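Dropping a structure here in structure tokens format, bear with me for questions.
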Amino acid sequence: MESIIREFNLNVDLAVEARDLVRGSGTREIPGVEEEIEEMENIKIHTITIKDDTGSKAMGRPPGIYVTIESPPLKINDPYVKEDIIQAMEKSMKILSEQYLRAGDTVLLVGLGNWRATADSLGPKFIQYSPITRHYHHYAPEALVEGMRPVCAIAPGVLGITGLETQEVIKGIVNNVQPALLVVVDALAAQNVDRIGNSIQMSNTGIQPGGGIGNMRHALNMETLGIPVIAVGCPTIVNASIIAQQAIKKYCLDTGMMYNDLKSLNSIKDILSYFGGSLAVTPKEIDDIIENSARIMSMGIARSLFPGISQEQLELYAN
Amino acid sequence: MESIIREFNLNVDLAVEARDLVRGSGTREIPGVEEEIEEMENIKIHTITIKDDTGSKAMGRPPGIYVTIESPPLKINDPYVKEDIIQAMEKSMKILSEQYLRAGDTVLLVGLGNWRATADSLGPKFIQYSPITRHYHHYAPEALVEGMRPVCAIAPGVLGITGLETQEVIKGIVNNVQPALLVVVDALAAQNVDRIGNSIQMSNTGIQPGGGIGNMRHALNMETLGIPVIAVGCPTIVNASIIAQQAIKKYCLDTGMMYNDLKSLNSIKDILSYFGGSLAVTPKEIDDIIENSARIMSMGIARSLFPGISQEQLELYAN
Amino acid sequence: MESIIREFNLNVDLAVEARDLVRGSGTREIPGVEEEIEEMENIKIHTITIKDDTGSKAMGRPPGIYVTIESPPLKINDPYVKEDIIQAMEKSMKILSEQYLRAGDTVLLVGLGNWRATADSLGPKFIQYSPITRHYHHYAPEALVEGMRPVCAIAPGVLGITGLETQEVIKGIVNNVQPALLVVVDALAAQNVDRIGNSIQMSNTGIQPGGGIGNMRHALNMETLGIPVIAVGCPTIVNASIIAQQAIKKYCLDTGMMYNDLKSLNSIKDILSYFGGSLAVTPKEIDDIIENSARIMSMGIARSLFPGISQEQLELYAN
Amino acid sequence: MESIIREFNLNVDLAVEARDLVRGSGTREIPGVEEEIEEMENIKIHTITIKDDTGSKAMGRPPGIYVTIESPPLKINDPYVKEDIIQAMEKSMKILSEQYLRAGDTVLLVGLGNWRATADSLGPKFIQYSPITRHYHHYAPEALVEGMRPVCAIAPGVLGITGLETQEVIKGIVNNVQPALLVVVDALAAQNVDRIGNSIQMSNTGIQPGGGIGNMRHALNMETLGIPVIAVGCPTIVNASIIAQQAIKKYCLDTGMMYNDLKSLNSIKDILSYFGGSLAVTPKEIDDIIENSARIMSMGIARSLFPGISQEQLELYAN
């Protein structure tokens, strides 16, 4: 699948999917990469740890911990499973952040994406539903519950609308506000439609454009911002070219024909023509999926940032 | 392509694409179907006339006139081509409606779809940008330009949100308001991504669910409503299963392998799994495409309904 | 206050405020009108019963029961008080509707107002958060919890945008769908800013334009629709002319000056000039107030329509 | 009117209204302040120049040029007057900015306010309709018309939602992007309902909180950002306390009674009670007024920033 990803300049945002791509059809271990799976009633938690440069090179992303919480009811805001997902996020966030974050430290939330384009509005919606407290510390400390830390947030918009790189916006805020931790939330691209609205990935590596190691100009991470960055995301689309390639591969497999990657790529380029790699595949229910996962993710993060504060109290500080 | 359309219960909304499906790779004439093409600088107008039951059966839609205006700049609201598209719509609308509509007759506009789901919001947005005048006739006739007919509009919502069939909502309004003509606007599904935001189809046959002849319970047409119904639409999505099938077919063609429709269908069902036929392919720019085509379509229809009234004046009556 | 209400064609939507206007500064009983007050920890329930024509004439609204649930935390979606308000609504709805509604009967919800104008979007938002089940009865009965009745809903829009009277839209739906009960929700105008986002009025009299008895052409009630209509509303605005008059009256009272109603009216007309009676006073937090009260009201109504179904289950059927 | 403004912590955003407050009922000249009026068919342009500290103290705002374009059709997006307003803005912007801005210089647009609260969404909507070009300079210079300068934009949100001061967001962007000029757009509060959607104020002094000289911590101006800042705004609300006071004053005047400012203030505080100074008066049409004025303002500013580029071309670069 490498060639189609390069051709259309696609992201492999999920570490669990990168692992599958590296492994191919086998199940061999990847050197420098460790994996752990925890299964509960409605939820499965994969933890992939990239331990060194060998693992990093193989997986196409920086060393660090990548936690993926899988739960199909995420997408429907199932009131019965919601609390389980929130608790799994709370626990994972603590593992990823506890070394950086002391009581009272300020946290900056960043919601990437475009609130006017549904499938890309997860980040801004996450911000909307997150409890924000930093201004109360300045102007009305009596309105805070004892022990609430300062949390602030921004949805910086996207390059095509602002003409600004995300880093150009965030770097200055980090300098002025001096948070101890940045949590950045974004909609992700998956390689498989089943992932849409079903997984939450959380990692302590920040965000690199293209999900890769490349260009530092646009990364949001410790190296570029000087503070630890936890990246959180949920898949909302699959690129249409991926679906097309999967179809061809599956058909070849099912019919015993030979699959040729380059020829497949050319056929796909022909049928996607004008819009090329910009075609996204989403379920009809995408608006609801975004809404529901944004609400659950905002509560999962909030519960970890405000330990001991109840869900009901937190909701009073959300917008 | 028939099997995939049946399997996933898809629509072939565009008559020009139904014609291509019927013809296959050939270019033979279809009995009972006539076609005419007019080419201008930025616009191509296809007029397909289904003349009898033979044509109707072949094309899978009722006898009548289907006009398709093709213009790639439609999707970007190109200020230079906009006026050309509006004039083409005005002219086509007149051909489709002039036998039914006299000066002063009331017209009801119906915008189908769900304004909260981007790719399905074309109908409601069309209503939003259309000049509405009927209430002025009752309450403030002095606010109307001489010769403006009564035009009213409704966006009835979708079954999944209202629990109501469209026909249940519209039938009563038609009875109470007694319009001479109904114009119904909806987002369409295409068989080809190039069609998205590039074509406007207008027909004098009304709307049938599935684009087909079947169930009259849900149709909006002369038979069910007792008044002529002009259907207007613009493609905003392609079903993901169509893309997958096109990819397999193209790959077989390009590599000289044999294409088997049933095996292809099974491979596709496997890769689309959970979401099945509900996966839509849209360009990343879909929000803008909807916005731009809704504005142009509302002006094209308005200019035909209010002959002699300038664009500037009409804009004053839009919401 | 009568003259200003006539002059600017204002509504006195709340029965409790109509009662205050009738009584003036006194506390005398109004012939033909009975009142009962129930006080709980966070909630006060006023029940005003207009028993005959004498009461109806005095109060400027038809005979019937008007329940007002007062609870200041309504506007902030306080998670601690929310359940109390929902239970108060459930109980009041039962008193108002139980004579009309048997298990399995269909209910039609109507959300009046304009979803694009914040202070007027309560009705459409109420619809959005209400569980809708009627289409499952037709297409997927297995997806329903045992005992769920068919509930459908529509937000018909406003005259200025559709060119249609609400009655013209609703009458036909009632004829086609044959519901046993209609529940209509609308944003209300109050006489006092303290009422905004603090009260819910529920009555078994339906809706009359101007809150009055007048013109039947636009009413939604038993007389015009042939089925019982329960009207539910929450105040979201006060007209600016009311504020202006209250200020003048209070100043006269505080300074011992004489208040002259006609002169006051003229002064007010001068300062409101161009926009006249169309000026609404709303708190800066109006968007949140609408959002929160719509959510609580949808759950209060839903709980009464689906007895025995849990909150969590109901949320799965909301959009 | 001073006492009510202090009591409720209100802004006098418009220089033309500050002048009226200073002058009272007289028409005397204000030392250190010059005024010029230009009248055209549909438009009146007031230019107030505060020349020194004496004028600054009297007017409660920094020395500089304040241009107010008055045109009642602004609020309805009248297609006949639109071009006149755009040209008046273009001309005024040039007077205010030409000393700072050379061909090719980068400009940063800042849209203040909250896009989720209608009356406060003018700034974010202005950004939405403005042509943005900076990213093309980096990634696709061939997509630009010859001579287009880099323009970028951000809507930083409001303190209550982000927990961030505007200056904390903007300062870093200015440091990273190094624009030659900042244009900041915001919704304004007027003292008079006639001003709503009827005036555009443009000044070369930047923005100070409270429209005053006070606290530099929150100002956006040359002093705090190190670059020239042009502030542009349109009145969208009047505070309810202002309306109340005007009503009392007018009534006293009309009836020959004595007006007492302190007593008036106390009466007003009583009637506004719970919501205090947060009550805003807006016309029912506020959503349309915001939409229309945002579109016109974005074009007026764009035409001045991109001289020689046609309206049609500019629209292709707006989002």
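Letters A, B, C and D mark the chains in the order given here, with residues in each chain numbered from 1 onward.
Here, contacts are C-beta pairs under 8 Å (C-beta built on N, C-alpha and C of every residue); 3 or more make two chains touch, one makes a residue touch a chain.
Note that the structure is a prediction, hence the values are computed from the model and not measured.
Least step count on the touch graph, chain B to chain C: 1. Chain B and chain D touch with mostly matching residues; of the residue numbers seen at this interface, over half occur in both copies. With centres taken as mean Cα positions, chain D sits 43 Å from chain B. Here the CA centre of chain A is 37 Å from the CA centre of chain B. Among all residues of chain B, those that touch two or more other chains are 116, 319. Against chain B, in their complex, chain C makes its touches with residues 116, 127-128, 132-135, 150-157, 159-164, 168-169, 171-177, 319. Looking at the complex, you find that chain C touches chain A at residues 76-80, 288, 311-313, 315-316, 319. The residues of chain D lying in touch with chain C in their complex are 72, 116-118, 120, 193-194, 196, 240, 243-248, 250-251, 253-255, 257, 260, 263-264, 266-268, 270-275, 278-287.
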